[in-house]
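Down below is the structure, laid out as structure tokens.
Just so it is clear, A, B and C label the chains in written order, and each chain counts residues from 1 on its own.
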Amino acid sequence: MKLPHAAIVAIAGTAVLALLPLVAPPYYASLMVPFFGYAIALLGFNLLFGYTGLLSFGHAMFLGFGAYGAAVVAGVFGIKSFEAVLVLVTLAAMAAALPIGFLCVRYVGIFFGMLTLAFGMLFHSFLFKFYHLTGGDSGMRVPRMNILGLEFAKYNKIEFLAEPFYYYCLALLVIAGLLMWRIVHSPFGLHLRAIRDNARKAEYLAVHVRRFRLAAFVISAGYGAIGGAILGFRVGLADPELVYWTQSGQLVFMAVLGGFANFFGPIVGALAFTLLQDQLQSLTQYWRFILGAILALIVVGFPGGIVGLAEGLRRRRARAA
Amino acid sequence: MSALIETRHLSKAYGGFLALDDVSIAVQAGELVSVVGPNGAGKTTLVNLLTGLLQPTSGDVLFMGTSVAGVGPVTLADHGLARAFQLIQIFPQLTVAETIGTAVVSRQKKRWRLFSPLAADGEISARVRDVANIFGLDHRLDTMAATLSQGEKKLLDVASAFALDPRVILLDEPTSGVSTADKHGIMKTLIEAAKTAGVQGILLVEHDMDLVAAYSHRIIALSEGKMLADLPTADFFADPRLIETVIGKRRGH
Amino acid sequence: MVAFANILVGGVFHAAVLFLVAAGLQLVFGVQKIVNLACGSFYALGAYFGITFIGYAAAAGMSPWLILPGLIVAGILLGFIGPPIERLLRSVYGRDESFQLLLTFALVLMFQDVFRFIWGSNPRSLDSTYLIYGTITSRDFSVPVYNLLVIAAAIATAVGLGALLQRTNYGRTLRATAENRAMAEALGVDVRRVYSVVFTLGAVLGTTAGALVVPTAAASLDMAIEFVIEAFAVVVIGGLGSMRGALAGALIVGLIRAYSLVLYPELEVLAIYIIVITVLLFRPAGLLGRPVV
């Protein structure tokens, strides 16, 4: 049976990622853990942006829900099961996303962007100012949790991250990806894309525009929380800077870098950004400038991102053949 | 028997300006009713009121006997009123099949299915193919809407409205931008499609009086927000003053 | 009552600076429909450069009395960055708004390292030479005259901008281009040049505001990204595209910040965001903007 193109990409990608800890030093494997967090968060973000057409500049707030949620559930309440933490933070983020999204999806474009930015920064100032609750700018500690009920006590932090947790996160990404693939290719996903392309016409075809925008917002919040929990676990700390508006901007950067018009684009973007940032940071202290220049280059010249570039090359080669 | 769609003493004012003044019309089952009038007569306002986009200043809009004033296009589409636009409206990044499929998903009430693959749904694809067939678009199912020709886009726009299985369809200048040679062809396709699809009533807003004369059962003429006439076609064209008001004096004749 | 007048003047001073930046934002948005996330970077650039400029000028023997005009000159000199940046932004006019936001965000990132490169990671500040203008002191309060002069400068700018827009031919050209670009072009307006001029004017307003603020506040890396939020709050509250809105919004944000700093420190910025959200929800056009379609 001939596999569809996407399946080949997915399997190949997963295989490469699975082999990485075996061939690369533990440093790289543990570097990839945040990539998994961002990749999952971006899958959700792109449901909202690439598939529904809503650009949120406050999405990092849901990363914060994940990280701080993990700190609260595991640190404050002592529930050490990461699975339980994931479920709880996802539910919490989706619950918060309901009223926030309800208010925000009444608008589109720049107003939606500004509203989400405002909510994101509102959350940030809450985390920052109410330091009795949230630790202020020192953040909240995220203790080490058990995955699948196992403690892996004999592993130190780097070893743990490089092996068991790495594969755990890879599995999470695969599951999250499969789920999102289903969603995007469902009747629900079709209606989202119709909303993105022409909301007014969609209304006339009985598409429930506002309700579906809200649904996309809520789902993306859940994915964001999972990503944030992974990030919090990895760093061991939930930090208010995770929620600052420039972090939201970074998420958008990653999505556009990879190519937001494609399912795999955001994942590619997360990977590219993680590796790029790491390499650049060791090359120069002015890595932000280079990243900014890359973003500018993409916006001006390659709006399809890395995946768009790759597809363009593929098409050109097919035509030449 | 209640009319499919009707307005009762419908008025719409924008500040001091009266766009529509006490207009009462009805479309019965089996009818094709045309609304004609010069630009600015209030046709667009009437259509927007009928599709629930606007709230009337006074009077009511009824669909199958229920008031639908200002409920919005989504609810009305759910109830069975579809609208095709004057200016072509498409989903640029969706294929023909997906465009029609959007309406089919709504009609088959499958919109909240998040986890079932769209491609595997035989019911949806069958219906999409049927509708595409009626409009001659079945060979273009996998084409992106943005790359279609103008005529094909127009057909797609109307096809997607038909895919809703509406009781009443509102055609807003469906042949505008179409060459004269094709106009009758399109109208015939539309009416045939309507019959096949089980559409019970058509409201047509048109400038082209040839088409109006050829296909309408009744003609409603608007001028400056008021209803000038509501007559069967033959009677309408028998009155030269009416024709003059609607399309202006013919030069030289 | 002791603190009251101090808070009031402090708030109005902050509002004056905010107004200058917001006016720039409004101009650019009104005419080119671009939302410039890098406005905070222009502000920080003005601050850093102001310090350097005054440093050189003082070493070259400039009289300390000339600090205020000196800072203004510093801000205006930076106008040279306007045209090239506008040229860059030209590639995203007419494209999806997201790309605009992203391109200006890219600028923010780049500027951060430019600041780091030229001025280092630590905050910079001027010494208290500005106090040469004196301080008005009474039993209840003490306020540096410099602050009052800045407020006066902001008022003068507001009046000047208003006159430019409403009473000059060029102002009419600007408003026409803002209203309907195609029409303006058809009527012979060199829209490209208008865009370049407007963007540069907006940039200069931002850099000058930053320059004016440095006697009282340090220039730091955080400045650029923190200020953006406040500037946007002003623009949202006042109404996108409205000059008078920039004035109203600036006063509201400036005063709220000043008061809550003293009375409810936890609420300081929270209050501003809550107001922004409220305005966006109930009157997205802002207090004085045009209604949203």
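Just so we're on the same page, a residue touches a chain if its C-beta (ideal position, glycine included) is under 8 Å from a C-beta of that chain, and two chains touch if they have at least 3 such contacts.
This is a predicted model, so every value here is computed, not measured.
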Note, CA centroid farthest from subunit A's centroid sits on chain B
Of all the chains, which has the CA centre nearest the overall CA centre?
-> A
Hey, how far is the Cα centre of subunit B from the one of subunit C, in Å?
-> 51
If you average the CA atoms of subunit A and of subunit C, how many Å lie between those two points?
-> 33
Round to the nearest whole Å and give the separation of the Cα centres of subunit A and subunit B.
-> 43
Which of the residues in subunit A come into contact with subunit B in the complex?
-> 179, 182-183, 185-191, 193-194, 196-198, 200-209, 212
As the complex stands, subunit A meets subunit C at residues 49, 55, 57, 103, 106-107, 109-111, 113-115, 117-119, 121-122, 125-126, 129-130, 244-246, 249, 252-253, 256, 285-289, 291-293, 295-296, 299-300, 303
Listed in rising order, the residues of subunit C that touch subunit A in the complex are 35, 37, 88, 91-92, 95, 97-99, 101-103, 105-114, 116-117, 225, 228-229, 232-233, 236, 240, 265-270, 273-274, 276-277, 280-281, 284, 292
Quick one: which bits of subunit B touch subunit A in the complex? Just the residue numbers, please.
-> 51, 72-74, 77-78, 82-83, 85, 89-94, 98-99, 101-103, 105-107, 110-119, 121, 124, 160-161, 163-164
